[in-house]
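The same chain A turns up in both complexes below, where it pairs with chain B and then with chain C.
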Partner chain A sequence: MARFIGKRLAIMLITLVAASFLVFAVSEFTPGSVARKTLGPYANQEQVDILSQRLRSNDPLLIRYTRWLGIILGLEADPLQDKSLGLGFTDPRGARYFGNLGYSTLYKLPVNDVIWDRLSATGLLAGLSFALIVPLSLVVGVASGVRIGSKLDRGLSATSIVLTSIPEFASGVFLTAFFVVLLGWLPGTSPLSTTGGWSVASQMVLPVAVLVLYDFGYVARMIRASVAEVVRRPYVRTATLKGLSRRKVIMRHVLRNAMIAPFTVLLLQVNFLLSGVVVTELVFAYPGFGRMLLEASLFGDISVIEAATLVTLTIAILCQLIGDLGYMVLNPRIRIS
Partner chain B sequence: MPKYPHSYIPRLMGLFSAGKVDRREFLRTSTLLGLSATAAYAFAGQIAGEKLIPDAEAADLPKGGTFRLGMHCQEIKNPHTADFTEKTNITRQVVEYLTWTGPDNVTRPYLLEKWEASEDLKTWTLHVRKGVKWHDGRAFTADDVIWNLKRVSDPANGSSVLGLFTGYLVKKTDTGEKDAKGMPKMKAALWSDNAIEKVDDYTVRLNCFTPQLAVPEHLYHYPMQILDPKENGVFTVGSNGTGPFELVAYTVGKSATLKARKDYWGTGPYLDTIEVTEIGDSAGTVIAALASKQIDGVHQADQNTINAVKAFPHVEVYKVASALTGVVRGKMTEKPFNDKRVRQAMRLAMDREKVIAAGIAGNGILGEDTHVAPVQPEYAKMAPQTRDLVKAKALLAEAGYPNGFDCEIVTRPEPAWELNSVQAMAEQLKEIGVRVAIKSLPSTQYWEGWDKVPFGFTGWAHRPLAIMTLSLAYKTGGSWNESSYSNADFDAILTQAEGTYDVEKRRLLMAKIEAIMQDDGPILQPFWANSSTVMSKRVKGFKMHPSYYLHLQEIGIEKA
Partner chain C sequence: MSSESVIDAPATEIRASRRRFRRWGILRSTTATVGLAIILIWVVLAVLAPVISPYPPNEQDYLAMADPTPSWGHWLGTDNLGRDILSRLLWGARTVLTVAPLSVTVAMIVGITMGLLAGYCGPIVDAVISRISDIVLSFPIIVLYVILIANLGPSILNIIVATTVASAPGIGRIVRGLVLELRTQEYVAAAKLRGESALYIMLVELLPNCRGPLIVDAALRIGYTTITIGLLGFIGLGLPPPNPDWGGMAKDATAMISVWPHMAMFPCLAIVSLVLGFNLLADGLKDLADR
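Coming up: the complex of A and B.
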């Protein structure tokens, strides 16, 4: 078991290095140098050239990538923080420390001062949504899966297909029009500050609703299919025939076996909820991770993009690891093989 | 006879009395030449029988309370290099300018008490306002002014004010070196050590090498904020300033909090607190935030937003005519745009009313391809440009493009009116065989190359004087000469206009300039857009500024 996890973590490290290198290489093709972005559009070329030279931006790609790795590992000082450049870029943690993600040219702040707040804001949004998506999709999925073709199944299936097909920006606007403009029950934007006179809790309602409506139908459909397959299995018939109550059959025999496939799907939703929520964040002006990543990408802020890549990849790989472990718990056959 | 700050003022008064210059023009030019706005308005009132600006208005404003503004909270570390109005709308409340161009396009002294221009408009004497104190208690003096003026004149600091100063305070000289492309490397610097001169503790003199009329306007260019020299150009929470508010909290991308100063030297502020909340780029968020009364206003709202919120009973719409516009331009160095007939043909292909309807939802007036707006004092009325497809096609054929040509125009999706206008114009150009492919780049990428692409659409902000835009954008070697336009006649007449304070003579010169723009000029400019925004009806005393500048010491807010 320990070996398995160790192996997985090693693969994770390799994936992180490979992916960060890819992002580094691809960003070569976006216009604008780090020096130009640092100094802004009105700085003259002379200044930009001098800064580029001092940042050694003209070195070959591989050397610059290694330097970037060195900065993260704390082996090298971040050149942008060099006081003699006169940029006023300072990090209270110092220029050289383990986990130094560099300086954002867009926000003109250390990346470590930008992304964690944003990540926790999105974490809140994602966590609340996930906490609703799981039980909701389970109930709907099981209820329709155990009696495929029944009126209840058709009704639930139709509802979840319709909800999943409405894109987030559309449902965001519909819900806002109804609950904000027409009824005035909820705030229309979610900047997570209370200066607007609305509690943070009230600001969470609409974004969470949009994500849950969009996502739960899809997961419910997965669970439904899986449950439908399991209820046809001989051991379920046996359980029913030996006189177990329907409730016990579903809870003990159907659910556990039917969850094996949807379990992965559920974990994949964590990834979606962290980096795929950008539309919802835009619609509600939610100060989250997705919007930050979008702004940074449009600007070409390589430090923030790299940091966000590392963070989302780590979360994705950890989710996968948890998925594999969960698989083992749910399915003894995998453990044995 | 009273003594006037400039010898032309009595004649100007005569012209105004005789009805030869209009009221706006009188106010503009007399204040430019150093007459105080109060005196100018008083004279205008005498002649035209209008009341003075009501000073009493301010006394009725509610006191205290919090104004909640929805606006981008971008990084604001370096006000002198600010490139967005939003950035200066935060810093503007803390640090101030030497002059102030009001919503009426009249420039008044602000941190200056007054100014005087010499007969030849080459020497400008700036009298620093006495009794102004920095927030930390230090007196505001000429040294502060000089430090700031010199700082923006140094290319190392990357301020866009440099572009405005170039040509009368700053000179570009050839360093003798060549850059990577073989172009000569130019170095910009103040033309003389004496260009910015300290006369005494409260007097600064600008010694220019050519006459310049727009000095007071340049001093209100948005990055020209007067910072405390001790802070070395860096602005942050708690930064020192002479302004009515203090920045007490700031989170980039999220929010800002400003608190009123008790000891402000000027009138106001009436508010206690300003809370700025980042509400993002999506047009829907402004509507939603206003609907749920999370904000009391925004600094800018386009017609589509106005249409959506004007039904809200608690919202007021503000509009003012401006020189805000967008231009289509080709590089003069690139085929086919180097041929004047092609440019003329493209201008003739325009159905401008339709572009106004599709691009800015009708919120504007016809443009005449001159980049001189009716709200600007130098404006000379030109014959309207009318659509003539037959003539346009004939011109194209004459230029060697009987079947038209293909080209790619670079634009951006935000603000929406820019892309909408480009789409409308592209459709119309298709009718003369000019097939335009639209390349819409994200804003940040767009700004990387806006002045370098062969063919592009550029939004131009309002400026109080047309000569400011013209010398930045169309003079040979101008800092923002995106079309690489170079016309010796144009340059000569423009330089002459920049040094002419006689309104009638200047208008004659401007008529010539506008004619050159229409005949030979590099741009296709379909409209002038109004500047507009929306605020809660609780907000009192707000005046829409054509440049979207917020002077929040002027407003008050009623209790909810």
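Coming up: the complex of A and C.
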């Protein structure tokens, strides 16, 4: 087990380095781009060239990448914070420390002061949605999985196809038109501040609803498929023939085995779920991680893009690792062999 | 998306699905027929757009700007610039119905090549291709799109490139799984004994036998790519204006949603209906294969 985890962690680290190198390469491929994006479109070419030289942006890509890693690990000082550049970028933590993710040119703040608040706001949104999606889809998925072809089952299939066909931005538009414009019950944006006269709770309703609507059908269908497969297994027939009540058969014999696949697939699909969060945040002007990444990309804030992708990649890969481990823990056949 | 279940299908099911697809009994599944009908309606509308659209897509009707809501002159109303929404939707259908299938075709070609090579050409090639796929698949999809498009710039070609990068590894995984199972079949051994080249075996013996799951996956992917194109338009990375682009139309209109909700609703409905068509088609095809 320990060896397995160790091996997986090593692969994870390699994937992380390779993926972050790709992001780095795409964003910083053209040598002058960092200086240009830092100084903005109104700086003249001479200023850009000078900054480029100071940042040593003309070095080969691989060297620049190792230097960037060195800054994160606290081995090197962030060149953008150099006082003599006169950019006014100062991090109260100093120019050289472990976990230094650079300086945001869009927000004019150290990246560390920007991303963590955003990440916790996104965590709140995703957590609330998950807390609703999981029990909802569990109940519906199991109920229709044990009776394939029943009215409930066909209803679920139809509903979930329709729901997965509505992208988050579209359901955002529909829900806003109905609950905000027509009925006036809820706020149309969710800045998480109460200055607009709406409570934070009321601001969470629509974003959470959009995420639940899109993902619920998908998750419920996955649970349904898994339950439907387990119900056909011989040991379930044995349990029924032994004289156990239907309730006991489902609770003790079906559920435990049927949860293995959805659990893993869900964690493996975390990338897919994260994408939905980004769009939802954009639609409702929610001050989250996804919207920040989008703004940074459109603005060309390279430090934030690189830092944010590093964080999302870590989260995604960690979830996949937990999915793999969970699969082992839940499934004795794999755990023992 | 939910392509995982296709990968897990055992060889017998793959063979059974092959037989079903050979008969092309799409009409035997109501779901698939409805899906296909929706898609065909959009295709016909898109092809006929120059003939049937009541106005040129970028023509501004200044009189309608005072009251852009649906009327006899503009069935679905106009946008805030007085452009007829129905005409723009019809012209926008042309864009999405070319870009989405085109992107998926390119992604399929790249993905199938990756999958055939990984599945058939031995453990080293397999390891290299699988690691590369893992790296790409470790990105949240939207992050990949945003980074690629924001750096490459929005254009049809770059949307195709981004879609290919994002979906080819998934397609490759499906094909690889199928090939690993199929390569032990006797007809592959027979072809080897006959002295056929690896290329011949991959393209003539293996690929045609993968087509069942691939057809289902393609239908799902075109639907999902339609969402992606809409999404890119919605976040401002779609086709440059004034091209009528469904996602872009929805984006421009959300700012005015509190006054004129119809401007955002109609483009969204168009996207939803087309995606629904592809999802129903995929679901029906899968049903037919499992039956």
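What we mean here is this: the second predicted complex is superposed on the first by the 323 of 337 C-alpha atoms of A that agree within 3 Å, B and C clash if a C-alpha of one lies under 4 Å from a C-alpha of the other, contacts with A are read in each partner's own complex, and residues count from 1 in each chain.
Following the convention adopted for this analysis, a contact is a pair of C-beta atoms (placed from the backbone, for glycine too) under 8 Å apart; a residue touches a chain by one contact, two chains touch by 3 or more.
Computed from a predicted model, the values in this text were never measured in an experiment.
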item	value
Overlay on chain A: chain C relative to chain B, clash or fit	clash
First, second, both or neither for A:Val23, with chain B first and chain C second	second
Chain B versus chain C as contact partner of A:Gly94, first or second or both or neither	neither
Partner chain in contact with A:Ser165 - chain B first, chain C second, else both or neither	second
Partner chain(s) touched by A:Tyr107 [first = chain B, second = chain C, both, neither]	first
Chain B versus chain C as contact partner of A:Val180, first or second or both or neither	both
Touching partner for A:Thr195 - first (chain B), second (chain C), both, neither	first
Partner chain in contact with A:Arg221 - chain B first, chain C second, else both or neither	second
Partner chain(s) touched by A:Thr309 [first = chain B, second = chain C, both, neither]	second
Partner chain in contact with A:Arg36 - chain B first, chain C second, else both or neither	first
Among 38-46, 110-118, 218-226 or 236-244 on chain C, the segment whose C-alpha atoms clash with chain B after superposition	236-244
Interface residues of chain A shared between complexes with chain B and chain C	173, 176, 180-181, 188, 282-283, 298, 300
In the complex, chain A residues that touch chain B	30-32, 36, 39-47, 88, 106-109, 114, 172-173, 176, 180-181, 184, 186-189, 191-193, 195-198, 282-285, 287, 291-292, 295, 298-300
Residues on chain A engaged by chain C in the complex (per definition of touch)	15-16, 18-19, 22-23, 26-27, 29, 157, 161-162, 164-167, 169-170, 173-174, 176-177, 180-182, 188, 218, 221-222, 225, 265, 268, 271-272, 274-275, 278-279, 282-283, 290, 293-294, 297-298, 300, 305, 309, 312-313, 316-317, 320
Sites on chain C touched by chain A in the complex	1-2, 4-5, 131, 134-135, 137-143, 146-148, 150-151, 223, 227, 230-231, 234-237, 247, 250, 254, 257-258, 261, 264-265, 268-269, 271-272, 275-276, 279-280, 283
Parts of chain B lying in touch with chain A, wherever the complex brings them together	66, 68, 75, 77-78, 81, 83, 155-156, 158-160, 162-163, 179, 185, 187-188, 234, 252-255, 275, 277-282, 284-285, 287-295, 442-445, 447-449
